[in-house]
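Note that subunit A is present in both complexes that follow, paired respectively with subunit B and with subunit C.
Moving on to the complex of A and B:
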């Protein structure tokens, strides 16, 4: 199998598309995290404006709450609820972005109305458009937003001009003037969106090339490595068995065979890292208890003088994770911590793995070491592929960690003070209700027979 | 025991054969699929070890051809490729297990010895229909399997038959953790897989004793993948990693 053949079997184009989609999903999730609270803030803000600008009306001798306050409370809730819900639960859906875009513009309309058509409140329109464009980087969301804002100006300008322009008798074409400035901003934003999507594509293509190369090299090296490993095993077995356990005349022969075996294992680890980095394994999740996973991970680590303490509570709710992949996350992070503390000559080093959360909140897993800590510049790059401060290693371990954690829709960050140790903090999202629900009734729990032939084949 | 090794890399054929011969296993080698089929037609092999990517006939096609000659011969796939459609398809065809190159020689030897015994997968589920249907899916892929709805019966079967993988329902009335503990007391090399009707089921009690957990309703490919993985996991680490501590 040649390198060229390898590359055609894992087309770079699909890799690039996948990387691009992942990046875009990240952006959408981030946008969801920003728009969800914004929807609540705007609602509170709308009520405050209604209360301060038009607190009470007088009907005869009876003081009553102005209709604006009701409008702010009720209309605001109506406008905010759908985008809030979608941003929280379905941040990556197309419909979510459009609903958010429409809601932002409806908020502009409501706020303009509540402030009696103040021209300054119109800035909300422009800020919102910019926000939508920069957070989603999808120019399409500007279409419904623009339609909503223009038609709102047109209709209300005809029926109730004070509420939108603050004057009783504006010119009939006033909405066109507003529409022009909105269109002007739209034009700028569309250009920005298209350019940034093009940049994202370039980044994805580059990433795909690196991945493709890693995969090709990794695979090509495995075959010769397998043969060499077989050969050294045979030699060492022959040497020890044939001589009845007595070492051969030159003691270095056995020593060198063992050395070859060890170094082969190092090669294999490097290749495995390359391949883990270049491939994306689908997740197969189950509710695996963290304490046991940490135990398993630390039992896989090579022997070390550093003390590894598993401080995860035994009764912590179990997060939904892919057992093998998440164990690898723990192995890599703990291994990294072991190597970091090893650099501190004054004390033997201690690593504490703790966790909290689950239930209503996210899980937070902390791997803390008492090593020398890392500087700001290193912390910024530590999850980037091929970045390493060590003389040994591929610089892929933590990049793999970041990728797997992201696949679990979690996040990982670094807490470090130079000289005072480092903590990696992994956050996993709280369990979604549908995952916790029982699948179809137990009596129906049977294997679905004819699914083999339709199983999606990855090539 | 007579093993057929098929690989297009001469160096691998030579070194692997030498290692198996050191264990007093009789070995015949073939440099490609066509030669392997020719050999298999003439003589009986207890286990076939085959590479996946080879010029001409690949490992998957070879499995098909070998099945025509001997439908039950256990085939172990060796591959340098971590994840690919071919491997997935081979697993759907019920190959015994998949070993990733570069493997440890002892790992291959353990897998070959296991495969030659033609072990059975045991499915334990309170609902006899569910247990039967899962076992029949396995048998349809030519993976020998037995089903039972009773934990005592499961222990009896494990005592009498050659069981190497047990798929146990997590909500077993008799207790999945208890059953697995008892099975391991009987034979620590039985690889156990938990099965649950909900993804969120807490695996705390069995986490250190099972190699995987599958969700019901069970998808055929996932089921076969888990069995192949359980078989490879055993060969890889005879001691259960969690139990070691």
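Moving on to the complex of A and C:
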């Protein structure tokens, strides 16, 4: 255990565990998104091999569909079915990883079979082991995969040795020699998995410490800041009363008081961000119409010359979200877009919030601005905590957005083309039908046209 | 590392665990059944040759006088025969000048021009020491008593049958085999008895019901 770990407090250790779990869940979901199509691709590939190289069996002039085609279509479908279903619906389950591992090895065996035992196809075994280890970062998945390979070699070595060893009378221990090379790769992969998990733990602990620091700084500064704000407000009022409503003789006094007030407001925003970042409120979900949420978020924004267009259809099915937290998502994203659009000197700026989906598919919410766009390098880091390109930003606003969206099992991405604007795209997963039926949606039938918000007198 | 195996509790409650367990059990049974069926098909040999003990006099081919002659009867469209030809190529490389080979591709009379001129024909023709022929109407196959594609027969320089069987150990499966090992031993002078091995491949003749039609 490192010194840093020893110094981590109990709440931070718990938080680090949660961050680690969340990161691992993300990895498992990503692995599921890769293995699910891979299962389909292998199936199609197997069918193509069978149809190309052994389409028919023959008896004289009479041909019939070759058993390889049936094997590729039917057995391939069976092999792929369970890992496909589990990867799509239960990507974080332990059993999913093990079923995927077994299926990968079964695919190795089937592809080797379909190619007539070509030695080149045996590389599928080694590539699959590496895939499993690096995508899941869980050395345990190598156990069932290796057992399938060893069992296959052992059984066939007893019953049909030539098919695996190429000789008729191999030594009894020959299967161990083949297993050794798989075990050799396993050993390397296990070391890599263990090191990777250790790094993930370090990252989680570091994240928990940053959050703890943010919370401490936020709490410690909040009360003194409130006192200073009260003081400046009092001074401001007194200055006006002293001269019977007339400005003080030295105009700089009021200017400095206003300056102090503005900077205090900035400090307040920073502290609010720090506290939001460090606070992890549980979700309290309900079916909330997106159009209303966008209207509420737009009304909270400070006055701006940028035109904000709410183009969310009024009859869009309501997603299951935590109203307050998701409104904060919209506020942060729209605020970010407003600030980005304001950087474009040639245009007054326009932001369009649109949405589609729901029903049978996921919800997709797009916040598009016509600002200057961002570079690829910035886009890659934009959701990382403490990353900012603004002189006064904390770099926490979009990190908070990403965290809340992930808590909703959703995802957020940035589409940007330099000089042609930026779009934030939030995807929320399709709600379960019973959830949708249980929660009546609140639709505003009157709000059919896009609503536009803009600060009066600021255009 | 303890967390690696931790199941997530999120969104997993819709289907009872027992349903998943039964489903996975069924999956394993289905996979196992498929593998066994495939294994069974792969290792089921074809009809063995009733090859004459001496080189058939009515054959259009003549045996080598100073070395062994390998005869392989092949179906030009049989995918399993690709592996047999692959093993024949390996065998001919091992045999060197100790054997020559003829590959006779089935060419039924009513199948049209070029029916037997397949990729397998070209593969066989490219093997050094191998002569490729069309077996019109399957007459040579009948003379050599062959019924399965990939059937190999080895006659010595005196025209005596020394081996009959296949040179793969399963349908369309590359790699060493009992038959290939016997031929290698025979050519090396370390085998005296008649070598026999199962043959794996497509049937050279139609099923009886098809022939009657």
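Of note:
The rule is simple: the second predicted complex is superposed on the first by the 353 of 459 C-alpha atoms of A that agree within 3 Å, B and C clash if a C-alpha of one lies under 4 Å from a C-alpha of the other, contacts with A are read in each partner's own complex, and residues count from 1 in each chain.
Quick note on the criterion: a contact is a pair of C-beta atoms (placed from the backbone, for glycine too) under 8 Å apart; a residue touches a chain by one contact, two chains touch by 3 or more.
Remember, predicted model here, so these are calculated numbers, not experimental data.
In the superposition on chain A, A:374 makes contact with neither subunit B nor subunit C.
Of the two partner chains placed around the shared chain by superposition, neither subunit B nor subunit C is touched by A:405. Judged by the touch definition given at the top, the superposed model places A:197 against subunit C, while subunit B stays out of reach.
When both complexes are overlaid on chain A, the residue A:426 reaches neither subunit B nor subunit C. In the overlay built on the shared chain, the residue A:99 is in contact with subunit C alone; subunit B does not reach it. Of the two partner chains placed by the overlay, only subunit B lies in contact with A:264; subunit C stays clear of it.
Legend: residue contacts after superposition of the two complexes on their common chain; A:47 is shown touching neither subunit B nor subunit C. Look at A:288: by the touch rule set out above, it reaches subunit B but stays clear of subunit C. Once the two complexes are overlaid on chain A, none of the subunit A residues touched by subunit B in the first is touched by subunit C in the second. Those residues of subunit A whose C-beta lies close enough to touch subunit B in the complex are 1, 9, 219, 222-231, 233-234, 237-238, 241, 264, 268, 275, 279, 281, 284-289, 292-293, 295-296, 298-300, 317-318, 320, 323, 431, 435-440, 442-452, 455, 457-459.
Residues 9, 11-12, 14-16, 18-19, 22, 53, 78, 80-86, 88-89, 92, 100-106, 125-127, 129-130, 133-134, 136-137, 140-141, 171, 194, 196-204, 207-208, 212-213, 215-223, 241-242, 244-245 of subunit B are the ones touching subunit A in the complex. Subunit A contributes residues 17, 20-21, 24-25, 28, 53-63, 66-68, 71, 74-75, 78-79, 81-82, 90, 92-95, 99, 106, 109, 113, 116-119, 137-140, 160, 162-163, 166-168, 193-194, 197, 409, 432 to its touches with subunit C in the complex.
Taken together, the subunit C residues at the contact with subunit A in this complex read 1, 3-8, 10-12, 14, 20, 23-24, 27, 30-31, 34-35, 38, 41-43, 75, 77-80, 82-83, 106, 108, 110-111, 138, 149, 169-170, 172-178, 181, 202-207, 210-211.
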